[in-house]
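Comments concern the structure below.
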């Protein structure tokens, strides 16, 4: 039985505890939070768990095999590093770290110590994202043209990061997973209206094969939108995560191009056919993710959402910040 | 009775003819199109109208008071210039011209000849846009934070312009009308997948008072979206032009900021209240616009959607093209 | 060339004229309306057409082959009868007649005179209804369980009929076409709030094979709904006629029933699979219907929406009225 | 501290336990279920609670003040009667009892023993229903014309009751609460396709002042719909419980009737104005309901959702069954 120590028992921590406890081969042995009220809630929900306000108690405990770091991003590096140095596997909330350099150091450290890092890109374990992965990998959409995500709602304001670091790690990790290509550059624009951090931002990501990605992230929207359009040569897909019943719709629509013999004209014709909404299971993504992490540890396999996956996202976040400071100029990656 | 000569009888021309004919003080006297099939349709729909394949017949006719230019943008300047030189008022399809220099020359020419120019920014005459103008001018939204438009659908591919010149003149003219401020710069990114013209583009517009605007224009979307979010300090608005019944929704939602006395902390709290959907009349916008143009001529008044309004839009389109060629770098206006 | 005489140039008449004129082998020769303003509009839209306020001029004219009766239902019988007696084919607005006895007489008369009757159940010529017919006849839904239609909106109040005679002929004719079975009985409830005619009504139709149909018709609804659910043993279908893009959705959902061996228990399990929205063409239904009527006359074929189809609908409307007067008691047909 | 004994720990029982435990002045002391697996889950979720498979242990326990009966309806009468005879207050799942006679006996027993009965019509404690009550009582809608509810989805099949007894108690209790009038009669039609119990039914309820109510309940729908239209003389309301954000919309739409002086004609004109969606709080209804029950007991007040409210619903359910057996004939109440 693998023992889990959870650092951070705020909004997401209780879900982490509940899901690790629901796995067969792991259980939560200790919870750490600086806030004593949060600790009291942890003990009430999970009688018998050790509680501490000192993260050192978790990372140095000989009884703990896995440390989960569910704290603000600015603390990820220190906590994960301490855990790895003490021989613990680490499960880190997204985004992985504040800088790419930190991420690289943690990856190297884990390799030397033969430990696992998993970055909590939970969306990759939803049925919707897995179904889209399957659709794209099966070639249903053909060559991809674009990936366009809108992720807007009112708040929640973060104090330590801007809207890009808060909302777009979801989009970066999903895009990275679905497209599976290395982008060449990033542009980003944004504005801060409420405090010094951008609360609205627009991100463009450029790929070598002419794919363009775009994320619209906004903490000041009156309505909650979670819509992604993916256009391909053969078909096009809409993922509306707010639709309880028909999250993914695949449209047999597009443009056919032919060249008339002996002529230079392109003939463009429109194609419109049936729409198909595959069944998407409900199931809790975090439950699947925690099971998968335990399996990776027990079978000594590298998770696909490992430190490298986390690093790729952090590199794009850093590039966004650089582009923000340079009037939306494209920053190469 | 003012006599109208219509140049261009393609997709939009029949609507122009029908609406000028429905005004009290004007009627269509002549139609010009190089395509003889189009001309035959014009005569069938409007028996008695003069028909010609030569635009010169229209612009030089002594019987014509107003020339409407409903042709591809690359021809606007020549046709409008010839009409003005021959003493005709001109009604020009959007975008006004291919370059700002052309627009400036036409404006100067019209002023010298004491003629009217109206640029056909039809959306400004819809009940939805007029209602939003009223809401914003009444201060209902408070200071504006952002203007964010999504205008995507499948096709129609234009041969002579990219998606920015095709779709975003709507957004630029509406934004110009509603916000009433002069932007300081524009960024744009896009990609061409089908032919050499961009079929997808993202545009950011920056204003001095921290307002940011954003347009998502796309010819390759499987679904048709026409949604604009406008965020303000006091309230926020969603305009969904695809919703037959509730086009405009005003949300009493936002963020309140207070500073605790003696502290530097910002306290951010969320506000969520009622939503209100004002009645929006149906009525054909082009009918109102053509009536208004006739009134402006008869009463010697300058239309608000005059050559200057057209020029402001063309300047932003030119800046978009420059930013497109420079990796999304902001171009000052 | 078949000559059409149109009686009634109110709301629907102009569509009838336009569509008969667009057929290859027919044209509208004369229009009749008691309202001189309506007649003037007819002549303006259709120069050269004969205009009269006397229906006798139409039904007795030796130049006319087809009479279309687009007048209030109370006048259908007299006008259609006069037309048939004068040797004209008739195209009659729905509902066919005020009583089943009238319908039977007209059917007999047409047979003796070897003339065609078509009842204008326009919906049967929409792509949506034709697609559903195809889906049901192909056995996609399996045995049918129910047919449930909601057809509600604000107004338009009719002076001569209640909401059942106004709105439910659509539902009765579509149900009759799709299900193709003879119902055994009808129940109906309703209330009149504004004047003496019911403005809200609920109709149940019973079939021998356990299918139940239900229509919710309402002139006092704040929202316009046009939704039909059709449940079958294998799959289920939703037709939302207000959805511009995805009018028909076929759900692979249902209930599977098994009996455990040696036990009397029914085991009920739920099935939930993909959804599929077949492409539904746009095209004007009335255009297809008028072409079809001309073809039926030229080829001496009986239209499927003939007098008998009209009679079946009138019988159900009469049964509804009887049930209304008897506290919703089922009336056998 | 009031001690609660919970009988029945199936689907709804855990919510009952959690919510009584969250009140200040009550806690759950014992849980009873015949299923040992369910009992084990109860103890796991609520360590320290007494667990039993015998309801007698609950109803006779001297430590228990309140018995909650969360079992199939056929057992409600026996369990509630035993609890009342032993001096316990009772909280009974809806519908209250299988027959009106049982309900009347329980009401009389509770009165003699000075005990409280609450019937769990949870919807009456949702913010949406409370907001509608406020709107109607404030006269916003004017005199009511109709109440029309659609409550359909796939399953869940009940073994002991038909779809009317399963789904329509929600509608009957909400209608009873909002309209506050005594109906004069009920009609109902339905069909059973899967087993011997009706899985689809349509219910009409008649009121003396010309209000008509209608419920569409269906276990065989491919889509889940929870929509209620309420029409009034002044305004109309739509309650869509599936809309996360805008559950209630009030439309300034309707029909105005005037009589021309000296004439018998009714002039009907349509009114269409703004729409308004009041803020509806989230909050768990059952939490509010359990708090309210405790308050009623502590302050010796009769709950508005008492045995009488439960009886009114059971009377209408009985009348539905009688109408079902009599071909939809209206049954007076």
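All chains are identified by letter, namely A, B, C and D, in their written order; residue positions are counted from 1 within each chain.
Going forward, a contact is a pair of C-beta atoms (placed from the backbone, for glycine too) under 8 Å apart; a residue touches a chain by one contact, two chains touch by 3 or more.
On a predicted model such as this, the values are computed, not experimentally measured, just so you know.
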Max Cα-centre separation from chain C goes to chain A
Check: interface with higher C-beta contact count, B-D vs A-B, is A-B
Whole-angstrom distance, CA centroid of chain A to CA centroid of chain D, is 42
Distance between the CA centroids of chain B and chain D (whole Å) is 53
Whole-Å distance, C-alpha centre of chain A to that of chain B, is 39
Touching two or more other chains in chain D are residues 223, 272
The answer for chain A against chain B in the complex is residues 145-146, 148, 150, 152, 154-155, 157, 185, 187, 189-191, 193-195, 200, 202, 204, 206, 210-212, 214, 216, 218, 220-223, 229, 231, 235-238, 249, 251, 253-255, 257, 266, 268, 270, 272, 327-330
Chain A partner, complex, touching residues on chain D are 47, 223-224, 242, 244-245
The chain C residues in contact with chain A across the complex are 246, 252, 272-279
